[in-house]
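Going by the order they are written in, the chains are A, B, C and D; count residues from 1 in each one.
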Amino acid sequence: MEEESHKLLLRSIRLEALGDGIFAVAMTILAIELKWPELKDTSVQAFINAFHELSPRLFCYFISFVVLGIMWFGHRVMFEYIGRTNRYFIFLGILFYMMVCLVPLNTRFLAENSLQWGTIFIYGLNLSLCNLTLYAQWVYGIKHKGLLERELPLQVQKEAKFLFLISPVVYLFAIIISIWIPVISLGIFIITPLLYLIPNKLDKYLP
Amino acid sequence: MEEESHKLLLRSIRLEALGDGIFAVAMTILAIELKWPELKDTSVQAFINAFHELSPRLFCYFISFVVLGIMWFGHRVMFEYIGRTNRYFIFLGILFYMMVCLVPLNTRFLAENSLQWGTIFIYGLNLSLCNLTLYAQWVYGIKHKGLLERELPLQVQKEAKFLFLISPVVYLFAIIISIWIPVISLGIFIITPLLYLIPNKLDKYLP
Amino acid sequence: MEEESHKLLLRSIRLEALGDGIFAVAMTILAIELKWPELKDTSVQAFINAFHELSPRLFCYFISFVVLGIMWFGHRVMFEYIGRTNRYFIFLGILFYMMVCLVPLNTRFLAENSLQWGTIFIYGLNLSLCNLTLYAQWVYGIKHKGLLERELPLQVQKEAKFLFLISPVVYLFAIIISIWIPVISLGIFIITPLLYLIPNKLDKYLP
Amino acid sequence: MEEESHKLLLRSIRLEALGDGIFAVAMTILAIELKWPELKDTSVQAFINAFHELSPRLFCYFISFVVLGIMWFGHRVMFEYIGRTNRYFIFLGILFYMMVCLVPLNTRFLAENSLQWGTIFIYGLNLSLCNLTLYAQWVYGIKHKGLLERELPLQVQKEAKFLFLISPVVYLFAIIISIWIPVISLGIFIITPLLYLIPNKLDKYLP
C-alpha cells in the first residue's frame, strides 16, 4: 500500500453502481430497437409475416443480451478481487462503459445487415474492445496492490488472463470467417459467451 | 455447502441491483411509447378526442406497469430466501431480465391491436416466460443449499411453486379465451397480478 | 408489531432503489423530448431562431425536472420514517411510480400546447396524482407500526399531512385559473415545488 | 453542528444513488443518438461511406462520454468529503443533474453542426453550468459543517476551488476561440477532462 499512498484510493462500490446502471440501461435499450411491424389484417398469416419480419432483430437481441449479461458477470466477478479504485482505474472503467454503450447500436446494425462482412466486423470489434478494456482494468488492478481486496495467487492471474483474452481471439476468428461464411460468425457470437458458464479454476479462490 | 464448494458463490446484492435497474428502465420505457396526439384546435372536443385516441395505450400502460411491479415484488421476495448466486443462477437471471425487457415492446403491440388473438398470444407468452424464468431461478436456488439465506420449510416450497406456476396457467387460459372473446383475456391480464396482493402462507416464514 | 406478524415485512431498501432508478430514468427522459431544430444557415440569426423554437420545451423541462426532483426528495424523506414494507405498501409504491413515469409524456404535451386549459389540466392532474399516491403510502405506513423506523410524534403527522396535501390543492387552483389566464397556472407549477425548500417543523424530528 | 440542528440532515447515500442512475442513463443515451446509415450495397466502399457518415457523431460521443465520466468522478470524490445532505444541498444537486441531462441533447447538436460557433457556445455553456452547479454544491457543503464527513484542511479547499473553476474558464476560452477556429475548441473539449486524471494535492487527504 506504500507505493499507492500518494494516489486517490476510493472504494469501488460506486463505480460498480454506475456500471450496474449502465448495463441495465444498455440491456433494456437493446429491446427499444425491436418494433413489431404493423399487422395488415387480423389473419394468422399476417401475424406470422410480422413475426418473420421481426425475427432477425429478435435473434440479434437474444445474442447481445446474453453477451452483455455475461460481460456484466465478468465485471462483477472482477470486483470480488478489486475493492478500491483510483483515478486511472476509473478512467479505464469509463472506457469500458463507453464500449458497452455502443453494443445496442451495433446490434441494430447487425440485425439490419446480418450476413455482411462489414457489420460482423463492427460487431466483433465492439465486443472485443469491451473485453480488452475490461482486461485493461484487471491488468491495472492486479499491478497495484492498494486496489486489491484479497491475495491473488499466480494461478488465478493465469486463468483470468486466459478468460479475458479468449473472447477477442475468437471474435477475430469470427470476423475473418465472415468473409466467406457469415452465418458461422453469428454462431460464434452465440457460443462464445456461453463458454464463461463452464466452471473454471478461478472459482475455488472465491469464498 | 460442501457440494457447492467448487463453484463460484457470490452475494446476490449486485444481481439484485442490476435487476432493480432493469425493472426501473423497463417500467419507465413503457411510458415512452405513450404520445399525446396533436390537438387540432383549442376546443374541449379536440382534447377529448386526443384522450380517446391515447386511451388504449394508456390502458395497456397501466396493465403492464402493475404486472412488472408485481413481478419485481416476486423477484424481490425471492432474494429474501436466496442470498448468494453462482454462474448458473446468474445466467438464469439474465434470461429472466431478457424476458422482462421484451414487455414494453409487446405492450405496444397489444395497445395497437388490442383485440386480436395474435397480440394477446404474444403478450401472454411474454408474461408466462417471465414467470417461468423467475421460477427456474427459484427451483435452481432451492436445490443448491449454498445459495440459500435461510431454512426453507417444505410448506414454503409448495406455496411458492403454486404462486410461480399459477400465472402461466392463467395466461395460457387467457390466450385460449382470446380466440373467441379477446376482451376477457384483457380482464385476466389485469386481475392476475392483483392475486399476488392476497396474503399467503409464505408470509409467516419471513421476519 | 403484533398485528403485522401475519404479513410480509421487508426492509424498504430495495423499493427505494427501484424508486431511485425510476426517478433517474424519468428525469433523464424529460431531456430526450428536447431536440434542437435544424439550423438553416450558420448565421447568428439562425441560431437565435433555433433557440427560440426550443425554448418552450426547455422551459417545461426545467419545471418538470425541479418538480420531479422535489418529489424524489419527499419520497426520500418519507423513508427516513418508514423502514419496512409489506405487499400493500409496495403496491401503493408501484402506483406512485406509475404516475411519476407519466410526467415526461405530459410535460411534452404541456410544452407543445402550453397555454391551453386541457394540457394544464392533464399536467396538474398528473402531479396531483403523484402527490396523492405518495400520501397514500405515508398514510398506510404510519397506520402500520411494523413499518415505522422510529416514533412519530403527533406534530409530525399533522405537518406531513399539510405538506402532502398542499400541492394537490394548489394544483387544483392552477387548473381552475388556467381557464382564464393559463400563464398564471404555469407560474404556480414553478413556485409550488420550491415551497418544499422552506424549512418546516418536520426537520427537528430527524437526526 | 449546532447551527445546523434546525435543518434536515440526511445521509447522502440516496442522493448519490440518484446521481449514479442519472449519469448511467445520460451516458447510455448519448449512444442512442448514434445510428448507422443504411448500407447501399454490400461493397466495402458502402461500408466505408457509412462509417464516414457516422464518424462526426461517434467522435462527439467519445468526447461527451469521457466528459460525463470525469464529471461523475468529481461528483463521486466530492461525496468522500460530504456525507450528509439537507434540503438546500439536495436542491443544488437537482440543478446539477438538470444540467447533466442536457449534455446528450447538446452533444447531438454539436455533432450535427460541429464547426459552428453557436453549437460550440451551447455545448461549452452546458459543460460550464455542470461544473458550476457541482461547485455550488461543494461551496455550500464545506460552509455547513454538519454536512462534512471529515476535516477539510485549507489546502484542500484551495485545490478543490481551482479544480472546479478551471473547467469553466477553459470552456469560456474555447467558446471565444470558436469564433475564429472552431476545430481548436473541439480539441479543448477533448483535453480538458483529461486534466483531471493528473494526480493533485487533494489525493493525499483521502484515506
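By our rule, contacts are C-beta pairs under 8 Å (C-beta built on N, C-alpha and C of every residue); 3 or more make two chains touch, one makes a residue touch a chain.
In this text the structure is predicted, and so the values were computed from the model without any measurement.
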Between chain B and its twin chain C, rotation from the CA superposition, multiple of 5 degrees: 90
Same-site or different-site touching of chain A by its copy chain B, using the half cut: different
Chain located farthest away, centre of chain A as origin (C-alpha): C
Intercentroid distance (Cα basis), chain B paired with chain A, Å: 25
Approximate Å spacing (C-alpha centroids) for the pair chain B, chain D: 36
Where chain D touches two or more other chains, by residue: 17, 20-21, 24-25, 29, 32
Residue ranges of chain D in contact with chain C within the complex: 5-10, 14-15, 17-18, 20-22, 24-26, 29, 32, 87-88, 90-91, 93-94, 97-98, 101-102, 104-106, 108-109, 112-113, 116-119
Contacting residues of chain D [partner chain A, same complex]: 16-17, 20-21, 23-25, 27-32, 34-36, 38-39, 42, 44, 46-47, 50, 61-62, 65-66, 69-70, 72-73, 76-77, 79-80, 196-197, 199, 202-204, 206-207
